[in-house]
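What follows is a pair of complexes built around subunit A, which joins subunit B in one and subunit C in the other.
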Partner chain A sequence: MRNSRRDIFKFAGGAVAGALFTPAPWRLITDTALWSENWPGIPRPARGEIRAKFTNCALCPAGCAVRARCVGEQPVSLAGVGGGLCPFGLTAHHLPYHPARLRQGPIGEATAAVGKHGKEAIAVLDLNPGRTVSWTYRRAMASVKGLYLAPESQPVAYDLPAAKTVLSIGAALLDGWGTPANVSAARRNFRLIQAEPTESRTAMLADEWIPIAPGGESAFAQSVPGLAFAKDLSVVIGDAPEIPEINRRIGAFGKTVFARPEAPVPDSWKGAAAVTALDDVPDHSIGVLLIDESSAVSYIPWHRIQRKLVRENPLVVTFAATRGGYARYAQYALPTAVYPEVSGDVAPAVDCVHPAFRISVPLVAPVVTGVANPADFVAALAGLPATDSLRERADAIHKTGKGVVVTYADGKETPVKDLAADAFWKSLNAGAAWTWADAAPRPPAAGRSTVHPAEALESAADLPLVAIGGPQTPGLVSPLMTKLYQESNLRLAPNRVALHPDDARAAKLANGAHATLQTLTGKCAVEVTIDPAVPPGAVQVGSSPGIQDVCGPAARAKVVRA
Partner chain B sequence: VKLRGTIVFLIGVLAALGAGWAGFPRLIYQTHQQPVDFSHQAHADKAGAKCDDCHAFRADGTFAGVPTLDKCAGCHAAAMGSTVAEKNFIDRYVTPGREPQWLVYARQPENVYFSHITHIKRGNLKCERCHGNQGSSNALPPYQQDRISGYSRDIWGHAGRPAMTMDACVACHRQSHLEHSCLDCHK
Partner chain C sequence: MRPSNNQTPAARYGMSIDVDRCNGCGSCMVACAVENNVPPAAAGATDRTGLTWIRVFRIDNGAEGADRRSAFVPVLCQHCGKDAPCVSVCPQQAVDVDPATGIVGQMPERCLGCRYCMAACPYHARYFNWWDPAWPAGMEKTLNPDVAPRMRGVVEKCNFCHGRWHAAKAKAVANGKAEIDPADYIPACVEACPNGAIQFGNLNDAATATAQSAHQPGSFRMLESLGTDPKIYYHSKKNWVHEISKAPRPGTAKETSRG
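Moving on to the complex of A and B:
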């Protein structure tokens, strides 16, 4: 019997029909799906022992206590201890792997260039002052007769639990201003009056929202003494230049406003250079500027810095995690380690009136090799001996015998006097915090605001909009978080501006359009968000360094199609 | 001619059924032996060991899973008996300090989350409910690995032993009225 082609097709048809009644095709579908989950390049979660590590978040001076769930040595999730974490803190374990991270820089060349320029007219600009590394900079600058610059020379701290009525003029009090857990705990005990042009998240949660004209913060602050609730005020919070004087007049100094406390330092450090505000530096006097923006909590517009540099051949070296900040202007941008891969203490928080010392303990080994350590760079420049300054400071704190150590793993408080120096150091390196709640807070020095008033409004007739500051965003944010909050319009992205629909229509701008933000200072590429919550005649601006370089608070501006 | 066509078709059906049910399972799995000839029964009978003596929960509630060499070496630093299996284990692993690369039958795909402590302490399930008589077996069964997906046969389907499959999980959850959502088990 001879098989025909028809027989082959019939056999194949039968085989296909029969195969459908076996596990084979269905298994192949499932197996192929499972196989595709394990293709090379697809990230796979680490496997290993699951345990908890504790640290303190170093993204801002709030320094929230963090419990990290680790698989093996890899942190896989972060959570707050005894309170929440902000969305940026929750995803901070992604930061070492950030695609925008600066990964290499000419460290040797930069060292040689600084050496060539000489140590005269040298300055360090520290954008996260109050840390132990800040003291290293100050000691180094004292040694070479240089300047230690910081955004504020006399920072203050606010005692919110002692306040009954709080007036916030444009401060994002309930949206990242202080330590989230502390502010939330204190919130139920004070009445909050929020004065600002937009109904921000803080305004929505305040007891009273007073809408003010865009750019009208200073004018409103000047009118505060005459307002009906002025006599009830415990403290006024905000960036307007008039606020320190108002706080002094309402008697807040020494009651709810204090000098920002610092943990003790070794006696040998006390000859360190003083903190100098940038405005106090004569123009065109800095020849070599070293900028530590590795964990910056604020940004100074470049034109204000540039004014202080010598006209001929200034040298700027910046220590940065990304290229987005001063790296655009510096001759040398050197990469640094980022939280949570670097060990360092956290600067005092704006809402903590007692000294505290918290170490941000590394959770991961450095992901990028060959990063610069700004403290070592500056110390070597000044010839300071290489020492473990964190340990020296911990020993100085231990020597006082004051305060308690709070260990987050068990929630216990242990008096420092009951601990040996090594045990104290070990606790700090396990993420514990030292606090000295019995220390009497000091009233603040009669300082002045370092906030710059807006440019003269009348000088900008062709700039029809007034800028409103947007929420501050850390320099490095997890890509996952930016995707969530930007796509959901939960927060204005750093490179965006928000316009009222009428203003957008007048400028022929659609939602998501690429545009140029123009001010008296300069211009910057932005993307547009149309938001009816923005008052007409105003533009709410994001917090990217590019925008801050050209657009300060209350600046006149216009947005045009790119 | 029509009958002949039907017969050819049926031959095709039968061939596929035979290949699919008998040949395919043999082809799809690759069999591996465990690195150590281990007897749960010997440990239970002679040493009186219970499951959680070696497969313990840590202080924070996480499950330690297969014990590490430290745990084994605690008793087997030197030979306790005269079996070849024990001698080989000591020579190959304990003395050189080398961790045995155990093949875990129950290892789930990456998209699955399973909490032992929830099932044991809250659900009061016995180990045998999912692991069968593994704890009293005299020899470890061969580890059958799916050639395509790379996972153990035990998490897929019937293998002559209680399967730790999604269907088995769903059936048990359904029976206990604990069938809440995909995210109960899936990441």
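Moving on to the complex of A and C:
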């Protein structure tokens, strides 16, 4: 039999058609998927010995205990010890690699410029006061007769476990206000009444939510003594300037409200400069301002700082991790290390009435080289050695022989008097907390509130909205926070504002639109989120420095299309 | 031969989520992303195209003004115990139910990206990789070595942190035990929750807190009427929260939904 060309074609066609009914092509598809799984674009996680390291989170004064799972020396995940962590703390091991980090700055030039200006009218603004480095600033300023500035001069601490009924006027009590694990544990034992314009995360879980008019926090605070539940209140928490007086009147001072305690310091530090609230500084009196915003836990609008600077040729040097904050205004922005690549202690927490000392132990070597150390920079102005200040303070604590050290690896409590100074220092650097629960808490000073009052509701017909602020967020957050800001809208992104659908419709704004936020202070580019939970006539603003510069709480505002 | 989708597993891992304790902080979402090497959002990613193996939705009671009340509901793969729709539709056998644990697993290396499973999932708890996974320079050092990053074009979903189950199993074997210690196997979202709103455990073991809370008054499951036997139980004392059990995705029945 002779095969024709037609037969060859028929055979080939039949083979192709028949192959479709065999597993071969389907297997090929699977194999293609398998091969492409491993193409070079997919990162390969590093492998190595798995170890645990312990530290304290330095992103906010809560200072949560952290267990880091490390591959070799590299942390690959963070978890809380004895409780969960907030999303910012859970992703803090990404911060050293953040693309928005400041990577270089003219450190030498800044030093020379400060030297040229002289030390007259010099001040340090510390946006995370209460740390050991804060004491270095205070000592240096005492030496050069400068000012040590902080957002508040007399911070208080609240004893939530001792409270039976808590009234929160706009405070984010259950959303990052204090140490999450402690607040969560205390929450079972007190009744929470939340008064604020929006049903926030705290209002949602409160026993009672009292909706108040946007910007009406002060008015509500003034009415508290006349409310039916006033006699039951253990403490009132919030930023309204009337609140310290209400707490004094309801007898909370010395029961649930105390002066925020600090761990002991060496005797030689006690001549340090006093803490001065920025608002107490005369206008146009600061010639050289050094700002430490490297681990800022609050933000002061620039116009309030600018008012304090001399009119002629002021010098502003900021120590920052990103260019988003005061670096926009400073002559020199110097890069700093970020948590968890730098060693330092954590400021006292707002919900801790006993002295504590917690060191944030570095988990990774600094990723950016050539960063400035703000403590060294400021100490050098006064000729002070700053390098061993943490150890000096630990020795001063050890010398008291008071309190216990809780080591996170084993949960063991060891009285300080049973430890040698070196062993005490070693345990603090292995992830531990020193606490002195027997120390009698001090009632707060009876001074006036240093909380900056909300902006007055000036009549401004063309500014129809009233601003509602949200919880402060760290200046540098992990790129993974896009899961919450972008892929789910679970949290209002720092550069966004939220409007009620009616207000958005009136302003012809769609969800996600680019817009301009205008206030009496200035304007700022924002993106819009439409949210029916925002009350009509209000605008909920994100916490970016740009927005906070122009829009304080209760400010009159409008949002227009960009 | 494909194993039966209806076998009773030796263990039946599940969750009990107390909606009344969730404050929507998002810790579970980012902890999940860290544990499972889920990349940050691509520039164009939205709530429809993003990768969030567990997503917290905000729901409300539909009232306006002062009567409005909201709650947060974390939604993840419900790990259907019977007739999991995603298993039966997958042409690649890339989805299976582990007979030892009852966990519905996804094998991305087998996945074609046809997305039949996404269409079949009544809970919309599956996510498609629209972009190549990318981390900012240097951040890939922080990836979890126990979980391989997935490529563009495959479907992903919660697997109850299967890497942690393997680690717990290896530890049990090393200690000469047949069963894992429950303390060694806790998914990342459970560990991360600051409010203790999520419990995890073997639902077949009546002694576990998870099994007990799953059957307390006020507990419910999503779309129970479909008969898929989901292993995620929700609990709330608020009756209006129970409405989510009837919707395919929390809040989707109302115009006011977000997320």
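Descriptive notes on the structure:
What we mean here is this: the second predicted complex is superposed on the first by the 509 of 562 C-alpha atoms of A that agree within 3 Å, B and C clash if a C-alpha of one lies under 4 Å from a C-alpha of the other, contacts with A are read in each partner's own complex, and residues count from 1 in each chain.
One rule holds in what follows: contacts are C-beta pairs under 8 Å (C-beta built on N, C-alpha and C of every residue); 3 or more make two chains touch, one makes a residue touch a chain.
Since this is a predicted model, take the numbers as computed values, not measurements.
In the superposition on chain A, A:A533 makes contact with subunit C only, not with subunit B. Using the contact criterion defined above for the overlaid structures, shared-chain residue A:A420 touches neither subunit B nor subunit C, since it reaches no partner. Contacts of A:A228 after superposition on the shared chain: neither subunit B nor subunit C is touched. Set against each other, subunit B and subunit C touch different numbers of residues in subunit A, with C touching more. Touch criterion met: A:H94 reaches subunit C, while subunit B stays clear of it. In the overlay built on the shared chain, the residue A:P45 is in contact with subunit B and with subunit C. By the touch criterion defined above, A:A440 lies against neither subunit B nor subunit C after alignment on the C-alpha atoms of chain A. Applying the stated contact rule after C-alpha superposition, one finds that A:C86 touches subunit C and leaves subunit B untouched.
Judged by the document's definition of touching, subunit A residues 30, 34, 37, 45, 50 lie at the interface with subunit B and also at the interface with subunit C. Note for the complex: subunit B touches subunit A at residues 4-5, 8-17, 19-21, 24-25, 28, 58, 60, 62, 64, 109-111, 146, 148-151, 156-157, 187. Subunit C contributes residues 20-21, 23-27, 29-31, 33-35, 37-38, 40-41, 45-47, 50-52, 55-56, 58, 60, 65-66, 68-72, 92, 108-112, 132-133, 135-145, 147-151, 153-154, 188, 191-196, 256, 258-259 to its touches with subunit A in the complex. Of all residues in subunit A, those touching subunit C in their complex are 29-30, 33-34, 36-37, 39, 41-43, 45-48, 50, 71, 74-80, 83-87, 90-91, 93-94, 96-99, 174-176, 180-181, 184, 199, 201-202, 204-205, 211, 367, 478-484, 486-491, 531-533, 535.
By the touch criterion given at the top, residues 6-7, 10-19, 21-24, 27-28, 30-32, 34-35, 37-38, 44-45, 49-52 of subunit A touch subunit B in their complex.
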